[in-house]
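Going in written order, the chains are labelled A, B, C and D, and every chain counts its residues from 1.
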Amino acid sequence: MNKRVTLTIAKIEHETKDIKTFTFYHKLDARPGQFIMLTDFEGGEKPFSISDCTENEFSVTVKKIGEFTTRLFSKREGDLMSFRGAYGSSFFISNTKVLLVGGGYGVPPLYFLAKRLLKAGAEVVVVNGARTEEDLLFDDKFKELNIKYINITEKGDLGKKGTSVSIAKKLLQNQLVPKPQLGNNNHPQAGAWGRENREKFDFLYAAGPEKMMKNLQKFTGDITYEFLLERYMKCAIGICGNCTVDPLGIRLCVEGPVLHKKLVEQLTEFGKYHRDASGKRIGF
Amino acid sequence: MNKRVTLTIAKIEHETKDIKTFTFYHKLDARPGQFIMLTDFEGGEKPFSISDCTENEFSVTVKKIGEFTTRLFSKREGDLMSFRGAYGSSFFISNTKVLLVGGGYGVPPLYFLAKRLLKAGAEVVVVNGARTEEDLLFDDKFKELNIKYINITEKGDLGKKGTSVSIAKKLLQNQLVPKPQLGNNNHPQAGAWGRENREKFDFLYAAGPEKMMKNLQKFTGDITYEFLLERYMKCAIGICGNCTVDPLGIRLCVEGPVLHKKLVEQLTEFGKYHRDASGKRIGF
Amino acid sequence: MYNRLKTKFLGIEVKSPLVLPAGIMDMSFSGLDISARNGAGMVTSKSLTLEPRSGHKGPVIAEFESGLLNSMGLCNPGIVDGLAEIDEFKERSDTPVIVSVFANNTQDFIKITNRVNDSKADFLELNLSCPNVYDEFGIPLAASKNKVYEIVNAVKRDSELPVIAKLSPNVLNIIDIATAAEKAGADALCLINTVGPGMLIDIKMVKPVLFPKFGGLSGPCIKPVALKLIYQTYSAVNIPIIGMGGVTDGEDAIEMIMAGAILVGVGTAVYYRGIEVFNKINKEIIQFMDESGYSLLEEIPRLEKLENATQTSDL
Amino acid sequence: MYNRLKTKFLGIEVKSPLVLPAGIMDMSFSGLDISARNGAGMVTSKSLTLEPRSGHKGPVIAEFESGLLNSMGLCNPGIVDGLAEIDEFKERSDTPVIVSVFANNTQDFIKITNRVNDSKADFLELNLSCPNVYDEFGIPLAASKNKVYEIVNAVKRDSELPVIAKLSPNVLNIIDIATAAEKAGADALCLINTVGPGMLIDIKMVKPVLFPKFGGLSGPCIKPVALKLIYQTYSAVNIPIIGMGGVTDGEDAIEMIMAGAILVGVGTAVYYRGIEVFNKINKEIIQFMDESGYSLLEEIPRLEKLENATQTSDL
């Protein structure tokens, strides 16, 4: 039995104008890619990826998008919230050279992943894309990690214009090599990118809008990858069937949300459609 | 949860004209003094003390007395029966010099006890009383144990007249000392009794008609004892309250059926009354 | 510590909100007494009938992973001997006692009530769960607002003790039944009695496990049903409620209180956690109060009442 | 091995008696397909309504130690899209499929029936558990023999598929409802739908866990209630029964069959044992058959029928 936990919001951090991180002091046994179902019992229980998880606390990073998230944004530190989980599959923890490609609120779970990959001894390269510098998520947090880190915006307000996919493409096609560089905090971990020391990646991870991953998929060649997918979730325990993906019938709340390349490639609906709360198919 | 077990009757042995032993092949985790609730699902589920229990089988020894036991007596080897348990408290397993006093179908559970006491290294003396030699239960079985064993009948058809209480009284008052003797099977374990080597007992066990134990109690002095008591049992799991004894309110199906001297001495109803299936008090 | 659990029920102070319900450990004065000594704030007798009843042949209890089924068959020593046990209990204990009574017609309920008037019991509880008697519409007594009204009304006229109506969950609309009892003058309600009934089958012998075949469900499996019916009833009536059904630990008891119960019955959990269950739950309630900052039991809040208590089910 | 589990239901052969019930893993053709591939002999669609329904806001699922509560709110893509999913399923699988449909009045049931006639579904199941519509006696649809008769009768006139009536356990007398459905021409019965409803409370936030507050119970906690109602119904009707409610392992499935079920639904257990639950239970049934000496499923005996199916409860 998966016991529901109700506890106060310990910390609220404003990430961007419409994204906040909510931290709870609780020992959660979660792996990167997994999610919780969060509720205030006022109508709505919604899935959110875990964006960080240490010995005694964990966080979710939420974009204000509709009824539930708007109400969540009105909560203060000390207010009670209730969750169940962590649920779902998690990313494979490799110890080789790996590339993480994130967009939108797909970036925070990759931060949790990056930390665990580092712990396992992997050589981690992260590409973090956003529309503008202001929208960039977890930029400082990534810079504090001992990794090669590339941030890019569509607007180009960090220097060059681009998307995480356009960068990832170059990295994967060996046209670009990330190198360590001094970060904001004058530590040598944070990095920009140059054109030397071309290398191959052993594993690719991505999370973000499905369109982005669909796009990214074109450049994956024969590299092994895992994508974090989203579907409308209700039960989160694998019985209501709302989150199954065609034609496999696997449930993103149980067998997902992290899917291996082999499964993603079989999904006829990937990047095409998903199902809404009624089960009706909706195009992307 | 106490799982019900349904299995075939492996063996039926005729002990006396109205007593049979039913053996089941089943690994039962039972201690001497405990009982099972036995049923054939045809109306009636009744408590019976475990009269023997080894690695892979156990037995109950039943007296034909009313509706259920009469139906039970019509069963054959291979017929299915269902039971739950073992339930209740069990006898303390001493490793000193102990006396076991049995009457009626109280004798068989003392056989199971004697075996466990011997295993623990106790010096075991058993007094087995019945009306006539024919009514004597487990006579051969006791003789095969490495114990001092005294059998006695009211009719005197074994030599002397007496009851198990009259013998126990003499033993307890040191007027009588049991000595090893050649048994039926020419082994030196079985014993009769003589008047030498008076010794003290450290522990007294009894099972049988409540009147017998009430009688026996008079001669217990300051010896520690445990009695196996019976009350009408329905649930056997300590909730229906049918088997509680006054004024303590302890349940013979949970805190009993084996009660320590300290508890027996506090029972105002001991030897006086019990409650029937409706909870009405009935005198002994 | 236990001062914090004190509460009042119909003007009488109890040391804990926990109640030993009808049918559990209550055939004898000593069974009531050991429960009270283990922390029950109030105790209930077995449901007494005019004449003694031996109950069913059995098996009368079947266990399954989520609770118990019982087909006891209302065994009891009859109203005369049963009241004698209660009187003997009252000589040894100042714990308030509810005498539960059962009949399948109004006349017998009245006869029993008059017997009870002469006893030392504190409250009279009517076990209104008879499944075999039907009203003029073919609805079983337990589910018939007319029958429930008739019985409670008649008993109230004669009873010198406050009257508690114990309701069955196996009804179409609990509000109908609860308000009928309230209108008829019931001083309090007790719910829920066992759910179902249900059955289990021995698949080796191809036989129902219970004898007779069916038995009422109690224990953890019925808690959600109990909470819902108690909450619904609490939203619709103005008399106190003794809530029960599956309460096994302190958190369950708190749920009952939040759903609207003043007192909380603990029955089947006596099996799961021993007769010490009352003291264990008392402690767990205190622990929750400490964690949540409630110093007294009565500070524990209740759910907001339902606006429309009858129309409870969406699709 | 699986030849031993073959059985016939209304003339159609199924490879296993296990059925994926309505509401479980059945929003999409692929959900039905993965269940069939994992050993379900028959699959059921989510209950479809005329228009799409998004269902309730949630939490729509609450877990407790003995089962689940759900307040899904009959979310479904509507009859048109729902049937399209079924047709897509039928293109890939020869597993028989039941289309479950829901409406709260006879007219809508008829409209839906006519849609279903044009689909590839094998059976039409009427989810007769609407708790919000009352008959002329104020009895909810699910518990009203008149309403059940009316709907089944009307649907039978129009349906080209065999009609299964799915019954609610929350009724006063299942026999009334079951025989009304049979008389109205139902080809089979399916029971039970969820029990209660019930509720759970979050004691820290003092709020019902589900939104809206109440949800139907499923899983192990309801098995005894299901067995009893199935056995009672089996004793009184002559049409086949799909039995469900808490079946989690092979022994539970055998109990259902002995109680009178021809096919056995496995819903909540998909949560407990994964989507492989169907194959797991298939194996456990075979194992029991081996131990007990039955070579074919149909040799498994049933309980003797009740003599008087209505009068089931002793005191």
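The rule is short, and it goes like this: a residue touches a chain if its C-beta (ideal position, glycine included) is under 8 Å from a C-beta of that chain, and two chains touch if they have at least 3 such contacts.
Owing to the predicted nature of the structure, the values given are computational and were not obtained by experimental measurement.
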Chain labels contacting chain A and also chain B: none
Whole-Å gap separating chain A and chain C, where each centre is the average of the chain's CA atoms: 52
Whole-Å gap separating chain A and chain D, where each centre is the average of the chain's CA atoms: 39
Multi-chain contact residues (two or more partners), chain B: none
Chain D, residues touching no fewer than two other chains: 53, 64-65, 204, 207-208
Arrangement of touching chains [line / ring / star / complete / other]: line
Listing of all chain pairs that touch each other, if any do: A-D, B-C, C-D
Residues on chain A engaged by chain D in the complex (per definition of touch): 1-2, 4, 6-7, 37, 39-46, 80, 82, 84, 234-242, 244-251, 254, 275-281
Residues of chain C that touch chain B when the two form their complex: 23-35, 37, 46, 52-55, 57-65, 68, 70, 72, 75-78, 81-82, 85, 92, 202, 204-205, 207-209, 211, 267-268, 270-271, 274-275
Residues on chain C engaged by chain D in the complex (per definition of touch): 53, 56, 64-67, 69, 71, 73-74, 102, 130-132, 137, 139-140, 143, 170-172, 195-201, 203-204, 206-208, 212-215, 217, 220-228, 231, 251, 254-255, 258-259, 288, 292, 301-303, 306, 311-315
